[in-house]
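First the structure, in the form of structure tokens, and then the observations on it.
Order of writing sets the labels: A, B, C and D. Residues in every chain begin at 1.
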Amino acid sequence: MICVLKQNVSGEREEQLIKWLKSLGLGVHISEGERQTVLGLIGDTSKVDADLIESLDIVEAVRRVSEPYKTATRQFHPADSVVDVGGVKVGEGLTIIAGPCSVESEEQLVGIAREIKKSGAHILRGGAFKPRTSPYSFQGLKEEGLKLLSVAKKETGLPIVTELMDIDHIDLFDDVDCIQIGARNMQNYELLKELGHINKPVLLKRGLANTINELLMSAEYIMSGGNENVILCERGIRTFETATRNTLDLSIIPVLREKTHLPVIIDPSHATGKANLVPPMALAAVAAGADGVMIEVHNDPMHALCDGAQSLTPARFDQLADQMRKVREVVK
Amino acid sequence: MICVLKQNVSGEREEQLIKWLKSLGLGVHISEGERQTVLGLIGDTSKVDADLIESLDIVEAVRRVSEPYKTATRQFHPADSVVDVGGVKVGEGLTIIAGPCSVESEEQLVGIAREIKKSGAHILRGGAFKPRTSPYSFQGLKEEGLKLLSVAKKETGLPIVTELMDIDHIDLFDDVDCIQIGARNMQNYELLKELGHINKPVLLKRGLANTINELLMSAEYIMSGGNENVILCERGIRTFETATRNTLDLSIIPVLREKTHLPVIIDPSHATGKANLVPPMALAAVAAGADGVMIEVHNDPMHALCDGAQSLTPARFDQLADQMRKVREVVK
Amino acid sequence: MICVLKQNVSGEREEQLIKWLKSLGLGVHISEGERQTVLGLIGDTSKVDADLIESLDIVEAVRRVSEPYKTATRQFHPADSVVDVGGVKVGEGLTIIAGPCSVESEEQLVGIAREIKKSGAHILRGGAFKPRTSPYSFQGLKEEGLKLLSVAKKETGLPIVTELMDIDHIDLFDDVDCIQIGARNMQNYELLKELGHINKPVLLKRGLANTINELLMSAEYIMSGGNENVILCERGIRTFETATRNTLDLSIIPVLREKTHLPVIIDPSHATGKANLVPPMALAAVAAGADGVMIEVHNDPMHALCDGAQSLTPARFDQLADQMRKVREVVK
Amino acid sequence: MICVLKQNVSGEREEQLIKWLKSLGLGVHISEGERQTVLGLIGDTSKVDADLIESLDIVEAVRRVSEPYKTATRQFHPADSVVDVGGVKVGEGLTIIAGPCSVESEEQLVGIAREIKKSGAHILRGGAFKPRTSPYSFQGLKEEGLKLLSVAKKETGLPIVTELMDIDHIDLFDDVDCIQIGARNMQNYELLKELGHINKPVLLKRGLANTINELLMSAEYIMSGGNENVILCERGIRTFETATRNTLDLSIIPVLREKTHLPVIIDPSHATGKANLVPPMALAAVAAGADGVMIEVHNDPMHALCDGAQSLTPARFDQLADQMRKVREVVK
């Protein structure tokens, strides 16, 4: 870590800072420049609060040489991680996750599960607990929804991923293969810490206004607790553009490839909010090197009571899955 | 609620939609235009999921006439609400909340509490549980911090406000006069629902990338549960500008005045991240009509281990408090 | 166009508005709802200033049924447009534009032009006039640069595209096949109007903070003047994310496909600012259905005096061009 | 300027860089750290393209110690600048600029000019050339509008400020006291360069998505040409929030106070887009220390053909002007 001091800092204040930095267990390499002093901090700087140091009035700038995350960084873990979700190896080849936005009924869920399996999907998604902006909107079938997911899993053999909103519900998730943490909870640190102590894969979605580094720091909250089975998911960020619900930031794929060894999944359905935008963005995600995509499929979009218009029909999904595999062939 | 249908929608699909809208308990007033049909939805539309309707492929646009929030809206509650925080009437006159970012020690906290009281502050703030981007950053004194807040309260008589991050900690908050919900938890709906069932004022901070309407919907989560003692707080939003930590959106004050009866507090310390920017923005907040401000004060900013550089010294705060009262005189 | 009036608007004010709307040459279809009135505006609404109407205090909302652009919209021009750039048909198949950020010397430019032609590029790009944030940064070789572009064109037969910053320079652009308008000038309306009167293709780049609709309105400025040879180009928008220089918004491709008949080109080099991010984003652009890509290539990135680190070597470009053609095969 | 090299950079590449930096006329102070090298660049770094250096693959980070602008920075010009606009000293006391969005007629303009003068306004504003998103919207009375501004100036003695969109119109601006450059042209560098060669004050508006540093660099374009009479103006930035037209970033006031000696004006009318939001934000601007405000006033908002709903009536403006002066008394 490089710490550039402001000009004309009194020797006394400089001493004070250096003493404090050393008290944090860091080695301090001082290089006196003509106009200002630069401190090189040596040791485990991942535990250092760079914001705090930069906020000191005698400090001009702080630059990390190594990233602030230890377990998520590729620096100390060059090989790609593969996360096992009920037998599916996420991070090996292209993983296709599909299913309805919300679980509505056994007939609906099992029907869709059978269809997507035929099209080559590997994991079934479906919301039982739904985070909704309005307290008056449909909040999901909750426990009943989880039971239906288990039925669909039994019927088709597809592992299941579904969202957890409160750690107190964890006992209901025994049969769930992968826990999804939604964008709104990406910085719900108390929840993340709890997930560090269980032994299930976690699909962590990027918050609407969170940077890529913040996403990795949230992954670090889980991993530092002992659970390293984390899958990162981009689902669109909030910008000034209103033509799409959110702006899908696909450049996150190559950026994360450099920074971390964790697998990266893209969710074009929530990002765009419109069914006709999903196939092009799903293909783009695969072309950019995503480890997988998560796509909403519904047997009757018009009837779906949640985000109907962003769901694909099984027929359209089948065609898309085929194209995605072909694009993967080209870029792998 | 106005629902504009697309052109050339088949009568059958239109029937289907109208039937479904009526099944939601709404009256539907149909007006056939030359090119398209406009539906007027009558009844309690606050429970209607406008996003869902707008997402239907036969719908051109949906416009609310009444807001989606029932208890927070000024429409059904024209008079300003006043929230009682340990005897302090937030919403009546200018409320000044001050204190350190983090509780560090009894000496520090009680010392600051005495200083700010002398300067005319009404409520003491101080973090015991600290949400930090990095799991390796200082997370607060937790339970010990809450005890110190109680001591400072006893010593000075100032009511206290502090952040709650997990409902499981609620028992520790008995002596806390106002529960703060941080920006990162603004859409932690499970937590908000729980707060609807307790009888304590809640200071709800706007999320970094949340709209004013989303802030009101989150307030609605709390209020719809029965707890109407909600105070709204702007603390800066995330934009492209990097000269300040966040962009303080003061126009939220007059906008909220129109939309809701709830009191509005501004936090210029977290928004700007720099002590020298705090006084001008605090004065601006008062001039724009804020019901109060929340300001970080520290007796030794250089030494503060959390956000030191955004804290004012007691002397600077004393001067600011005086100016704020004078500005209030002009604009009230 | 649908105009929803507020509730309890006096008949007199309503009359006033309707009279004024009719004075704009519009037919007005009035439908009185139970709670409010909805006006259907019939006729050529493309000339109506929707913002103005919505800003009137008796108006609740205004919704366009047809887009505000007449010549750019697909509504009145269902077939895709093909723009001829020196014999290259942009909008038919995949168009590859490549070249250095800045023109530096004949040897550099002709060398790169020969390389990219071998790799299958169709058009040569290179900056002669460079818009730079700082008046002290290299501003391009200007007229000399344009001469070198002509030399490269003669040597290789590749048509050339380069940026125009001031209409007073237009005489120097005789031999240029396509005029590029940079992001910073997307709303330089006086310049756009002038381009409407010349007969050369224009590559119009999206502004850093401009919506897709604003991009189309700027295209309309050119087209309404008579020059319909407009190519739209996405080069990244400004968001809170700092890991990439800008955020490449690829969802613009399917969105523009619906809204307009104009060809869409993606520039991943300026959007990402880093060479290693360019290939994945270029492949993503092709997978999402772009009509073409514009890529910076330099024979000696280390030495390039402008945006060196975002340029690909000819070898890397050759490999990418091959992959792009294969992805195109899959998705076309 | 501090330049931090990456780890394990070969001595040869380091030599190459240092040689090149020296060729730019800079002194290079090398300090070899344990893990990496830090270069201190001495001399006139304002002409150095930091982005270019940072983009080099062997460079970890570049930090300026002095700002990239020489004439706009407070560093070399500690005293506040005062810009004389037709006898009004902008930068001394509170300057109030007011007038209609667009010049419509002599009766309208002179009427408003007389009213605002009575209320204590110092400068008259009014648009003759109007930048509009749509080519079909009202574009202003152009030359005729400038003539009417001169009439109003003669009638009232108020200096006038109005927008210039194309340098070719400059001859028409002889009688204009201050040239306004709108947000869309903030980075129209060819226009800015021309303004550096004339001897008239320029009111430079911040672009919708431009950083504070970019605003200062654009001021530098004008000042480096010799015209140092620049007034900076904030008029709202583009964010995700849609409750207001733009987000007024008032923290720009104290930030600019530190960085530059130029006067700062706030335009709350365009930022908010709604008349009822203008007074609170205008008062907030004064409380935050603005040198002046620019406010739209119209004698008949309902009838105004441009941005009617964001204009204040003369009566409301009179009341606001009085309050602004009182707030100024408190904070000056």
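Keep in mind that, in the parts below, contacts are C-beta pairs under 8 Å (C-beta built on N, C-alpha and C of every residue); 3 or more make two chains touch, one makes a residue touch a chain.
Computed from a predicted structure; not experimentally measured.
Chain centres here are C-alpha means, and the one lying farthest from chain A is D.
Over half of the residue numbers at the chain B-chain D interface are used by both copies of the sequence.
Centroids of chain B and chain C (each the mean of its C-alpha atoms) stand 40 Å apart.
Measuring from the averaged C-alpha position of chain A to that of chain C gives a distance of 32 Å. Computed centre separation for the pair chain C/chain D is 27 angstrom, with centres defined by C-alpha atoms.
Looking at chain D, residues 209, 238-240, 242 sit in touch with two or more other chains. Every residue of chain B that touches chain D in the complex is listed here, in rising order: 209, 211-213, 237, 239-244, 247-255, 258, 271-272, 276-277, 280-281, 283-289, 323, 326-327, 330-331.
Chain A meets chain D in the complex at residues 2, 4, 7, 29, 31-36, 38, 40, 42, 60-61, 63, 65, 209, 238-240, 242. Taken together, the chain B residues at the contact with chain A in this complex read 13, 16, 46-49, 51-52, 55-57, 68-69, 131-138, 165-166, 184-185, 187-190, 193, 207-209, 214, 217, 220-221, 224, 238, 273, 302, 305-310.
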